[in-house]
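What follows is chain A paired twice: with chain B in the first complex and chain C in the second.
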Partner chain A sequence: MNRELQVRALTRVEGEGALRIAIEEGKVTAAQLRIYEPPRFFEAFLRGRQYTEVADITSRICGICPVAYQTSAWRAIEDACGVSVPAEIAALRRLLYCGEWISSHALHIYLLHAPDFLGYLDAVALARADRPAVERGLRLKKAGNAVLEAIGGRAIHPVNPKAGGFYATPAGADLKPLAQQLARALDDALATVAWVAGFDFPDRELDCDLLAAAEPDRYAIESGEPATARGLTFPPADFGSHVTERQVPHSTALHATLDGATYLTGPLARYTISSARLSPVARQAAAAAGLGDTCRNPYRSIVVRAVEIVYAIEQALAIIGSYRRPAVPCVEVPPAPGTGHGVSEAPRGLLYHRYLIGSDGRIEAATIVPPTSQNQAAIEADLLATAQAGIDLPDDELTALCERTIRNYDPCISCSAHFLTMRVDRG
Partner chain B sequence: MSNLPTLAVWKFASCDGCQLTLLDCEDELLSLAGQVRIAHFLEASSEVLAGPYDLSLVEGSISTPADTLRICEVREQSRLLVTIGACATSGGIQALRNYADFEEFRSAVYASPQYIESLATSTAIADHVRVDFELRGCPIDKHQLLELITAFLAGRRPEIPDTSVCTQCKRRGLTCVMVAHGTPCLGPVTHAGCGALCPAVDRGCYGCFGPMAGANLPALTRQLRQGGMSAREVDLVLRTFNVAAPGFAEHREDR
Partner chain C sequence: MRSVLIGVGNPFRRDDGIGPAVAEMIAWRALPGVATVSCDGEPTLLIEAWTGASLAVIVDAMACDEPVPGRMHRSEHPATWAAAGSASTHGLGIAEAVRLGTALGAMPGRLVLFAAEAGDRGFGPGLSAPAAAALPGLVRSVLAELRQA
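And now, the complex of A and B:
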């Protein structure tokens, strides 16, 4: 018997996506995450803009991870112009990015993902049953936003960061209340790890390769080099020779492959590649929550996100603790013709930018590869396997299971679709 | 089952940042959920109730053939329709295509552009349906959003001033970046609402709330040129998140 399951508008994901599963004679023949978000053509209209405008413009690709876009953008611009910033400015940038991790992860854990594990339609319904839990999540989210506001000037589309550093830096005394708020948030973060560790996790192991930025002596956030779970490391400039994008017929998305194969980026990739470089407190919380050195179960990504919140708060506290106001808020970035590459770890995974800058500082070409379009093929492979394994379930249960499968990956459709709207036809 | 007024949140071409602003009301979200029934908010809830809705918040611009129809359905289902943010109010940064060769844009991003369903323009919601109120900003301001919802619940007009960023900058006691440092600033022509965030970090306003009503653009652009900006540089600062807002678009030399 042939069946077709459809969800015309996925809920509790960022952006507009749909789901289609086709089953023919007991076999799943298609599993599609269809993204109908309209394309916005950033790569096209960036051409001709001034190199100093790129961070502000690309932040508008995503309201949930604007700092990731700003960071990968200025990394690429500074790479092209041959500029590096002093350690104090680099530390403030890491602090800003920690704010985005805390806020974005708290949003996903409490408002989007946890209701799946606990059987609620949304966080409002969850709050009716367990208001303290949702209030804890909102406090955490607020703490992340407080970091973004203190360092970035605004939580969504921060106004203060720029190529070369910041327009202004905070006085040390201004960060004291923030440190107090973060110290309280650390308790909430540890409670979050313990809370999500108690959820039920179906068995599922991904066997695809994993890709994340990595650094030798710390967990990579705003810097690092792309590394894979299979042990390959390459400089950001080689991204294009390992990752290739291909437009699929009847699709407005390019599917990315890593050296020809499906791969995943995001929390599972970061944790599996770099868990040894987490702080002792974060490692301990992870161990107590039942995580080993690696994690390839997409359901447990919620635990990894919670552990990453712990780490981000500790990092933020450490940076504030040793903060000395930089001598200057930014360094000059004179335009230089050439190509620059930038990667950073957006909450949802590795985000790559490449720009070709002309001699007058005009952008001549732009390439942006967001995490969700890299993850597209892996998400669909998981959907296919999950739907096949659950083929005996009634339609509504199988559909709900497939929606849950997608939410495990925290897809940011707004991001991905602005380059590539995905509609896959495997026929 | 409940007599609460219903709230719906809709998304068109956008970054999600304006609807995220509603979830960023961390202190108010749960009490708000006790005063309105969140009936349609796909990003936040899997519970989707049928219309009609008392208040619809619309994020994003119209940029596909399907969306020109969908916005009409949203209008029919909504007692009050309020646009939130620069995309919904002026077409957003994606309206840069309105001033470019769209076919070239499409083939610059996609190898097989024939698969891409997209209009050659990105336009404001008000170009398609009647809009009851427009909230400015890229993104909107959380306090203005709460004021808007509070006013709706009380059945009054929201108190959202239609003045310039300068008025908020003065009230904050900030030093004028243009007068003191010669920093180019769009504050004198930009709609208030952000609270003068950029001057607070020694940066000139870059106009993300779009033009205020009755802005004197010629006076400002003259000042910017005298300050040393080229005609191209002036055009670029007016070609960002509110590129298609008439108050800015009419004063660019490249239009």
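And now, the complex of A and C:
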């Protein structure tokens, strides 16, 4: 018997999209996460703009991870212009990015993902059943937002960062209340790890390669070089030699491959490649939650995100603890014709930017490869396997299982697309 | 207890920016006891903004058939808001925020929504001429509401 299942508007994902599952004679023949509007418009209208405008424009791609877009942008611009920033400014950038990790992960864990494990329709039902848990999640998100406001000027689309640094930097005394809030948030973060560790996790193991930025002596957030779980490392400038984007008939978003193969970026990749570089407290929390040195189970990504919140809060506290106001808020970034590459670890995975700057300082070409585009093929491969394993389920249960599978990856469809609407074809 | 005026919308989507435009004009007045917030309508930000307020006034753009840009609708009945629709892609944000805020016991003393009909929902900054012309009247209505706090 042939069947077709559709979800026209996926819920509890960032942005809007659709899913189609086609089943013919007992075999799943298609599992498509449909994304209609990739960020190519941004790449097009960046052309002709001044190199100093890029970070502010690209931050508008996403309201959940604007700092990631700003960071990859200015890394690419500074790379092209041959500029590196002083350590104090680099530390503030890491602090700002920690705020985004805390806020984004708290939102996904508590409002989007946890209801799947606990059998609730949504976060509202979860809040009715376990109000203290959701209140804890909102406190964490608020703490992340407080970091974004203190360093970035506001929580959404921060206005203070710029190429070369910031328009203004805070005085040390300004950060003391933030440190107090983060110290309390660390308790909430550790409680979150313990909470999600108690969920039931179906057995699932991804065998594709994993890609994440990595650094030698710490867990990569705002910097690092692309590295794979199979041991390959390459500079950001070689990203295009390894990662190839291609069009697929069912989606205007591009699918990416790593050296010709499907791969995954995001928390599972970061953790598997760099768990040894987490702080002792974060490693201890991960071990207590049942994580080993690696994690390839997409259901357990919620645990990895919780551990990453712990790490981000610790990092933020450490940066504030040793904060010295930079002598100048920013360094000059004089324009230089040429190509620059930038990568950073958005909450959902590696985000790559490349810009070609002309002799007049205008952008001649721009390439942006967001994590959800990179992950789309891996998500569809997981959907195909999951739908095949659940093929005897009634349509509504199979549909719910497929939506849950997608949410494991926390896709940010707003970044990689604009409107996502699921369809299951059983012929 | 303070009051809060929350402008919801995206100033880069033409008339969807009418909420933030009202919030900016109210903020300039620096009214005592009145906080102003602009946001995209994400539920946790709304809850954070209105928690502890005796009165929260939200201004948002509304998509509708045959709109009269800037025409304003006032409501204190959240059950009707999801159907009202929003110009933004996160159209159910306020309704979801009300449901979540209610479940968490985190609602303002009173919540009033001013929904302004949006004409132009295209890309770019700036309100359409008719929406811009309606802005002062909308601000006056919001100020009158805030004075009743």
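Observations, loosely collected:
Please note the rule applied: the second predicted complex is superposed on the first by the 411 of 427 C-alpha atoms of A that agree within 3 Å, B and C clash if a C-alpha of one lies under 4 Å from a C-alpha of the other, contacts with A are read in each partner's own complex, and residues count from 1 in each chain.
The definition used in the following text is that contacts are C-beta pairs under 8 Å (C-beta built on N, C-alpha and C of every residue); 3 or more make two chains touch, one makes a residue touch a chain.
Predicted model only: the values in this text are computed from it and were never measured.
Chain B and chain C, once both complexes are superposed via chain A, clash. In the superposition on chain A, A:Arg277 makes contact with neither chain B nor chain C. When the two structures are aligned on the shared chain, A:Arg49 is found in touch with chain B, with no touch to chain C. Once chain A of one complex is fitted onto chain A of the other, the partner contacts of A:Pro66 are limited to chain B, with no touch recorded for chain C. Looking at the shared chain after the overlay, A:Ile57 reaches chain B, while chain C stays out of its contact range.
When the two structures are aligned on the shared chain, A:Glu135 is found in touch with chain B and with chain C. Set against each other, chain B and chain C touch different numbers of residues in chain A, with B touching more. By the document's definition of touching, of the two partners only chain B reaches A:Ala168; chain C does not.
None of the stretches 146-154, 200-208 or 218-226 of chain B clash with chain C in the superposition except 146-154.
Taken together, the two complexes place residues 15-16, 60, 63, 107, 111, 123-124, 127, 131, 134-135, 138, 141-142, 145, 155-156, 414, 418-419 of chain A in contact with chain B and also with chain C. Residue ranges of chain C in contact with chain A, taken from their complex: 12, 39-40, 42-45, 47-48, 89, 96, 99-100, 103-105.
Of all residues in chain B, only 11-21, 23-24, 26-27, 29-30, 33, 38, 42-48, 63-64, 66-67, 92-94, 96-97, 100, 104-106, 108-112, 115-118, 122, 138-139, 194, 197-198, 200-203, 206, 208, 233, 236, 240-241 touch chain A in the complex they form. Looking at the complex, you find that chain A touches chain B at residues 9-16, 36-45, 47, 49-50, 53, 56-57, 60-64, 66, 107, 111-112, 115, 121-125, 127, 131, 134-135, 138-139, 141-142, 145, 153-157, 159-160, 166-168, 247, 249-252, 254, 329, 403, 414, 418-421, 423. Residue ranges of chain A in contact with chain C, taken from their complex: 15-16, 60, 63, 107, 111, 123-124, 127-128, 131, 134-135, 138, 141-142, 145, 155-156, 414, 418-419.
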